[in-house]
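Labels run A, B, C, D and E following the written order; every chain starts at residue 1.
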Amino acid sequence: MSPYVVVAAVVVVGLLLFVAAMGARRLLAPSAPTRAKLTTYESGVDPVGQGWAQTQVRYFVYAFLYVIFAVDAVYLFPWALVVRSSDLGAASLVEIGVFIGVLLVGLVHAARRGLLRWV
Amino acid sequence: MIHLAGPYLLAAVLAGLGTYGVLARRNAVLVLIGVELVLNAATLLLVAVGASAGDRWAAGNVLTLFVITIAAAEVCVALAVVLAVFRLRGDVDLSEPRS
Amino acid sequence: MSEPTKPQPANPASSNARPARRSSGGAVPGILKGLATTARTLARPTHTAEYPDVSPHLPPRSRGVIALLEENCTSCMLCARECPDWCIYIDSHKETIPATTPGGRDRQRNVLDRFAIDFSLCMYCGICIEVCPFDALHWSPEFEYSELDIRDLLHEKDRLGQWMPTVPPPPALDEHAAEPAEVAAVNKPPRTARTPTARPARPTRVTPAPEGEA
Amino acid sequence: MTGADALEVVVRAVAVLAAFLVLPLLVGQTEHKVMAHMQGRLGPMYAGGFHGWAQLVADGVKFVQKEDITPAAADKGVFRFAPAVALVPYLVAMAVIPLSPDVVAADAPAGAVFVLAVTAVGILGTLMAGWASANKYSLLGAMRAAAQLLSYELPMVLAVASVCLAAGTLSLTGIAHAWSPWWLLWQLPGAVVFLVSAVAELQRPPFDMPVADSEIVFGAYTEYTGLRFAFFLLSEYAGIVVMSLLFTVLYLGGWQGPLSDQLGWLWTVLKGFCIAVVVIWLRVAWPRLREDQLQRLAWLVLVPLALAQLALTGVWVVLTA
Amino acid sequence: MTGLDLAFAAVGVVAAASGLLAVTTRHVVHAALWLVVCLGSVAGCYLVLGAELVALVQVLVYVGAVVVLVLFALMLTRAPIGPRAEISTSRLHRALAAVLGAGVTVLLASVLLPLAHPVDRHETDTTVLSRELFGTWVWPFEVLSLLLLAALVAALAVSRVGARSGDVRDGAARAEAELRTARGDAS
């Protein structure tokens, strides 16, 4: 039996936990909504505009870096399985070294152009 | 035992949905979502073929990994472009060319 | 607890300069110091006052609640007028006391009907106690009189009077302090009386007040 | 699948749920107490009698009875479902972490990757909560959270990859089997990287910029009340449990120790508990990092350190294989 | 029908349904969230098909990274709460798109389904996959790193477009102004 059957069961159990907890809340918790209660919280002041605000695009640079490096890092896991084999071990070390080395150029590039500095 | 009709059918459906998504959306980011669906249809086919015996060089799985990698790279560049467009124009609408 | 662990600076000015100089030494020592300080505190006893279980040691002149010694009150209204937030309510009426000696005058006396302090308004400044010329108001260290209803914080004169037994005796005078005015007046050698016969009782009472009495 | 199999699956899933409901409370109570004493306080003393042991149970009862408010401007569905998205990944991650070779709910062949993949989903819960609240604080908090979680996911993946490399397997059971005390030194940089990124992933001080109360109230969770808020809190403590146990299995040999045949799982729990105490300790000892310091630490310190560890491990393994 | 078929049918239906919602919903962010469900259940499909590592990579990279990136982009480019008509094309256009999409599905299904047959599910051993990856597929693999580098540099370069000029404020201001007019129209 695959272990993932248990994982699927755990997901179901987790969702059931959420549903059951919300059911318990529905039974036990009071509900008396008022206009003021349902207003967006802005430190006690009446909310200004809508929920959206222009955010720093700077965050996006880190997201790019992560995505690129994450797809890079997932290849490390297959590597872990072959690195001990006699025929592929040394070769794979070089291969992965080149692979990561090339990407590191990207990180160094980003660092040198000051993209990692938070101005 | 598993019948490959399931994966094939799902791949076809996902490809169709992706096509619809690409054509029916005006927001650039949502068009990208359609593209992702099409890509997933392709990888699903690859994996389904890989699940049958006689998959030489583990091609089905390895190619899927490659496609996922390339998709990630594609999404990065595409979203960078979208963001640059938004900064310059204030929206990401594809159907309204503006001065 | 943090005081003893800190290096004691010689004076406040140098204590401001110190952290800046130390931070230039690198982040790691600072990081380790944070860990060490918290770990040391963990190993030591806590300072928590376990209040409801262990009653707190209050300083003798704590301002807990204001007690009223009704007999001393003359309804002069000084306290109510001086109160910054007007939380003292006094009602009184005048009574006429018939003359005790034939041919004497009738005397008038203030009778206190109501004396109340609203402790939901009171800010515990103590001005009423200071201004009372007859020592009718006193600080009591009792503080456990919270109520579920804010209106119950209005203490009427019987409630205020009930606090009176909890008022501590006034502190002893400092060693070389001047005598209290009352005692000094009593101890003063009697002035050469112009009409000694008019006041027969006065010169006979020359018993000095005891030394430590406060 | 026979009836016995089905029963076994159910028993395993329920056992995971039980552990999931007990261990975070244990960690939470420990945090109450350890943090209090580190600050010269006593912490909760009344609920349950002895040193307030039932404080968190009482808190739970209180949370259930609190009114649940969904702001009028919020996206109702997403807002209400976000706590589950934040919580369930940790529950699932807990299912594959072995306490001993026998005490493991689902011994996945690629358990190390599985845990990383599943915990990465947890970001979505925060992002959903932040966006759906229709609150500027929440959106800012969600942005910060997502940027932080992304940045610290990478060093964590690299550190775990280094351990997998050293063990030559992706299975968590296999990794703990392959462990030897020599790893304590050899994998030390990776362990430090892992611990730091784990604390950052959990958004706990000193990496609590996304919920920085003095700036953005409570970040993505500003609008939450009652039980849904409690779910976010629970997911934080479940996260501590998962990360501590994972650290134990990856870097401290899990159940390995004296008498490991008889009380193997106890060793794992004990070591994990010590790591949890360290996580709590860090919260008390250090101030919050600023956003730029946060990102610089991730990209210019942790990632290079993790890559160096990876190179060290790779070269060493190839040389000694 | 075996257990595997049933399992695949279960996750497959979820994948198809969420995919449909992802391309048809009128809430901007909901589309991305349905995409998460869709990609996650496709990962489930991979698991049923015996490709463990690929499934986990799908979750780690797609759900954990790509979708977060998409959500990021949506939130940065204004993703208001509530249904929006303007994110989709006109009704006629959509009908045409639906026809085309259905055509693609029918075409693919008609080509693929005759080829379908029950197979003994051959579970891909991760070790075998790794050996092939670092043996047979090493050159494409290395080229991938160049591709990723190019993508990273390009993305970083593009994302700086406009950052130096005053255009940013211009764009954001225009977005704000539009928001205000939209609200004014609504009221």
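By definition in this document, contacts are C-beta pairs under 8 Å (C-beta built on N, C-alpha and C of every residue); 3 or more make two chains touch, one makes a residue touch a chain.
Everything quoted here is computed from the prediction, not taken from an experiment.
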Where subunit A and subunit E overlap in contact partners, by chain label: B, D
Pair of chains whose C-beta contact count is the highest in the structure: B-E
Remotest chain, subunit B as reference, centres from CA atoms: C
Most remote chain, CA-based centroid, reference being subunit A: C
Whole-Å gap between the CA centroids of subunit A and subunit B: 20
Subunit C and subunit E, separation of their C-alpha mean positions in angstrom: 74
Interchain centroid distance [CA atoms averaged], subunit A/subunit D, Å: 13
Inter-chain centre distance, subunit C versus subunit D - centres from mean C-alpha coordinates, in Å: 55
Shared interface positions of subunit C, touching two or more other chains: none
Touching two or more other chains - residues of subunit D: 1, 73, 108-110, 113-114, 134, 139, 143, 146, 150, 153, 157, 170
Junction residues of subunit E, two or more chains touched: 53, 57, 60-61, 64-66, 68-69, 72-73, 75-76, 78-79, 81, 126, 129, 133, 141, 144, 148, 151-152, 155-156, 159, 163, 172, 175
Contacting chain pairs - touch in the sense defined above: A-B, A-D, A-E, B-E, C-D, D-E
Residues of subunit E touching subunit A in the complex: 47, 53, 57, 60-61, 64-66, 68-69, 72-73, 75-76, 78-81, 126-127, 129-131, 133-135, 138, 141-142, 144-146, 148-149, 151-153, 155-156, 159-160, 163, 172, 175-176, 179, 183
Subunit D to subunit E touching residues, read off their complex: 1, 73-75, 78, 108-110, 113-114, 116-118, 120-121, 123-124, 127-128, 131-132, 134, 139, 142-143, 146, 150, 153, 157, 170
Subunit E to subunit B touching residues, read off their complex: 2, 4-5, 8-9, 12, 15-16, 19-20, 22-24, 28, 31-32, 35, 38-39, 42, 45-46, 48-51, 53-54, 57-58, 61-62, 65-66, 69-70, 72-74, 76-78, 86-89, 93-94, 96-98, 100-109, 112-113, 115-122, 124, 128-129, 132-133, 136-137, 140-141, 144, 147-148, 150-152, 154-156, 158-159, 161-163, 167-168, 170-175, 178
Parts of subunit A lying in touch with subunit B, wherever the complex brings them together: 57, 60, 64, 67-68, 70-71, 74-75
Subunit A contact footprint on subunit B (complex, rising order): 65, 68-69, 72-73, 75-76, 79-80, 83, 87
